[in-house]
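As written, the chain order gives the labels A, B and C, with residue 1 at the start of each chain.
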Amino acid sequence: MDAAVRLGRALMPLLRRVGTIAVALWGASVLVFVVLNVLPGSPAQVILGTQATPQAVRQLTIQLGLNKPLLRQYLDWVGGLLHGSLGVSYISHLSIGAQIAQALSVTGPLVLFALIIGLVIGLPLGFLGALRNGRVSGSLIGSLSQIGMAVPTVVAGLLLVIILTVKLHVFPTSGFPGWSDPLQALRALVLPAFSLGLVEGAILSRYVRASVLEQLRSDYLRTARSKGLRVGQALRRHGIRNAAIPLVTVVGLELASLIVGAIVVENVFALPGLGLLLLDSVNNRDLITVQDIAMLVASAVLVINLVVDLSYRLLDPRLKGLS
Amino acid sequence: MPLLRVRDLSVTSGSLTLVNGVNLEVNAGERVGLIGESGSGKSLTALAIAGLLGEGLRASGEVSLDGEDLVAATERRRCEVRGSRIAMVFQEPMSALNPTRRIGDQVGETLRIHQGLSRRSAEKAAVDLLRRVEFADPERYVRMYPHELSGGQRQRVMIASAISCDPEVILADEPTTALDVTVQRRVLDLLDRLVDESGCALLLIAHDLAVVSEVCDRVVTMYGGRVVESGSVAQIIDDPHHPYTKALLATSKALSVAETSLGTSLPSIPGTVPNAGQFPRGCPFRDRCDRRVEACVEVPPTLVRDTRTLACWNPVVDDEPVLEEAP
Amino acid sequence: MGIGMPPLDQPTTTGDNEPYVFEVARGRGWRRWLHNPSALIGSIIVVLVVASALVSLVWTPYSPLAVDPSHALSGPSLRHLLGTDEYGRDVFSRLMASSQVALFVGVLSVLIATAVGIPAGLLAAERRGATGQVVLRLADILYGFPALLAAVVLAAAFGASKSTVVLAIGISYIPVFVRVTRSNALVVLNSEYVLAARAYGRRPLAIMRRHVIPNIMTTIIAQMSLLFSLAVLAETALDFLGLGTAPPAASWGTMLQSSQNYLGNDPLLTVWPSVAIVLCVLGFSLFGDGISELRDVRGHR
């Protein structure tokens, strides 16, 4: 077969997936735009308050481009997004792009930190739970993670604050000193990251456990044992990679749910991240900022989905070149 | 002393007894067929011999290899035996092979475990092994993944892996059942030839008597987790005494006749194999048996004579009594 | 004939008269249910939550809104079982009233998700061509909006309220039901008995009703129970953020929010709603797991 044709065949499913994600992103942008722009009433009126003169309102409306037809406004917005220009806030008159970048310098590390905590807790706990399945220690791990899953991030955060800040004075309660002092900045992220990571770790451990158990029960692990490998060795040689395939999905979903969870945690700990910015914008009715952040988060979730899907193909030779 | 001696082997799952007091022997170089419908406990017996029972299953009794009891041995010791002295071939070659590892890697693995071969020399050995199981282009196949092979090829890969350390006994659990009819013969002939060449013993599990009668020296019939009859191939195939063996044989013969003359109705064993734990008390076959007598509510004792054993209250005897009291 | 005589050469050990019929884990579903500890605990909690919501409709020890400044922030006592909050409102009564909110939001959002998701999933399974693709792509779009994000967007557009919360959670779960329904329905649709039903001319709708829906029901119910527990989690977060239940009304999330100011003086104010949420979520997820296990057992037979 011609090499180019073969390459084309191998790339087809990839292109198809990228295509569907592009369609989904477009749909998401329409959805966000429509929901946030169908409101009766004028944003300019809201911004200027009830005391403003009709003339001032009209002037601001024109200034914001809100007098143009909705389709035009939509195209301007999406065009801006595609060029990396997110527009200017109605309220603060600051560049939204700069604000989001500033917020991401908090949310990004927070999510990463939380993901690491989740993995460090979830992976060993899940493995142990699977290997100890049917024993008391296994059931204990199972119950612990079951309870952990039921704890909302808010609750985890508040309880951590009560124990570690109020009672033991180990960590600051809230706020963020900025990255000029990295050590203090990290210290401020510890509790928020743990609030997110503990719960996600509990969820992850259940998936790890199920995945490893499935490997332990698989025929090929039995084959590996029939060759003379002990259970642990067989799992190391044959189970890890296969268990990793479904786990990629879970870690991807975790990442998505951490990004969303960050919205909550940032509000518990008053961290100036994306979540706080989003909530402030909602409260100030700064719709264009809400629109941008919502689109950003939705894109992140959808792109993570795509990456998960593609890495699936990389890990599982059966799916290579299959649609 | 037999090479492999199984005495009073039982497999239990909680309060459920799945294999019940199985006795069986395999001598060095001997080929023994283990037959019975699915659900009779054949596969569990083989897994228990290899010490590979799944979670929640427990084996008791004795499984001796050269006089060494493997049930009582440590797991470390059992691992030394598995693969090197007792090898297994499983029923489903697709799921028994790791989908994410290359063929060469999986064939050479046993050698790496037991003979400490390096990755490179194991792969070289894998090429030779694949050639022994009749792969025309083994250098190409060692680089492939299981899903790129056909069912018959996968099973040959399993066989290559099983013979790699020259085991003393191969446990083959229905090695051809999952394969296309057209390749069953080839895989069976291959197994037959390799066992012949290496002189190792074979415990072949099958539900097809034709297969067993062709390959094996001796036959053991299981039903309801128990051994109901055993003997040489000639004894069992030509003159079965247990109604169950006879019924199995009748269906098997009818199948081969039906291939030539369509239209004849096929005899079959009435009823179906019950689920584990739902066999009747006493003789497990009595519900489906056309020769049941009152005594069948008790478990029949296993009578032993010469090379034959039988557990039946009302055996099939055509001409003369075969089992009689000792003089 | 030596039948019935003792074995000749070697007595073997199979001659025992041990009965071969053993106790099997069979019996009706509810009996297995009672023998499954997590399902049992789950059902007890579910019953408790539902009961407390129902009782709170007609009776609570105090009115959940009754302010009593003279007894503000009093700890647990005989008068106020779990103490009072910063306005002197009875915490226990507020906890009880909050279970109404949790049930309301949970039930309604799951209903919205199933009402849209299940028919869409069935449609995508039955029409595998363009129609199915469109349904799946639409589900993909919604997939980009987790409950929290959807709620924020809706709150920004329509103002925060309990209904935006319900709507947001419901919408965000639609794709889950589409996928679960579709993949489970596909298994059934590809089965031999459906093929047979098609062969003698049964209409697609009849096949859905007779074969597909009964077969996927347990999976769906298990999923509903699980998503219900997730809905309670989301509702708590949204109320805490001030995007849901408006303050004087009681909900676990708003209770947590106001307790934030008293973490040092009165940590119990945080602990009580926390315990209630964790128990409620745990109960419904255990309940869902129990249903899944019931299905698995049946599947293995």
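The rule is short, and it goes like this: contacts are C-beta pairs under 8 Å (C-beta built on N, C-alpha and C of every residue); 3 or more make two chains touch, one makes a residue touch a chain.
Here the structure is a predicted model, which is why all the values come from computation and not from measurement.
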| item | value |
| --- | --- |
| Chains most often in contact, by C-beta pairs | A-C |
| Per-chain Cα centre nearest the global Cα centre, belonging to chain | C |
| Whole-Å gap separating chain A and chain B, where each centre is the average of the chain's CA atoms | 52 |
| Chain B-chain C separation of Cα centroids, rounded to whole Å | 47 |
| Whole-Å separation of chain centres (CA-atom averages), chain A against chain C | 23 |
| Interface residues, chain C side, partner chain A - complex | 38, 137-138, 140-141, 143-149, 152-158, 160, 229, 233, 236-237, 240-241, 243, 253, 256, 259-260, 263-264, 267, 270-271, 274, 277-279, 281-282, 285-286 |
| Chain A partner contacts - residues on chain B that touch it in the complex | 50, 52, 54-56, 75-76, 79-84, 87-88, 90, 92, 95-101, 109-110, 113-114, 145, 147, 158, 161 |
| Residues of chain A that touch chain B when the two form their complex | 133-134, 216-220, 222-230, 237-238, 241-242, 245, 315-318 |
| Chain C-facing residues of chain A, complex | 20-21, 23-25, 27-28, 31-32, 35-36, 38-39, 146-147, 149-155, 158-159, 161-162, 165-166, 173, 256-257, 260-261, 263-264, 267-268, 278-279, 281-282, 285, 287, 290, 294, 297-299, 301-302, 305 |
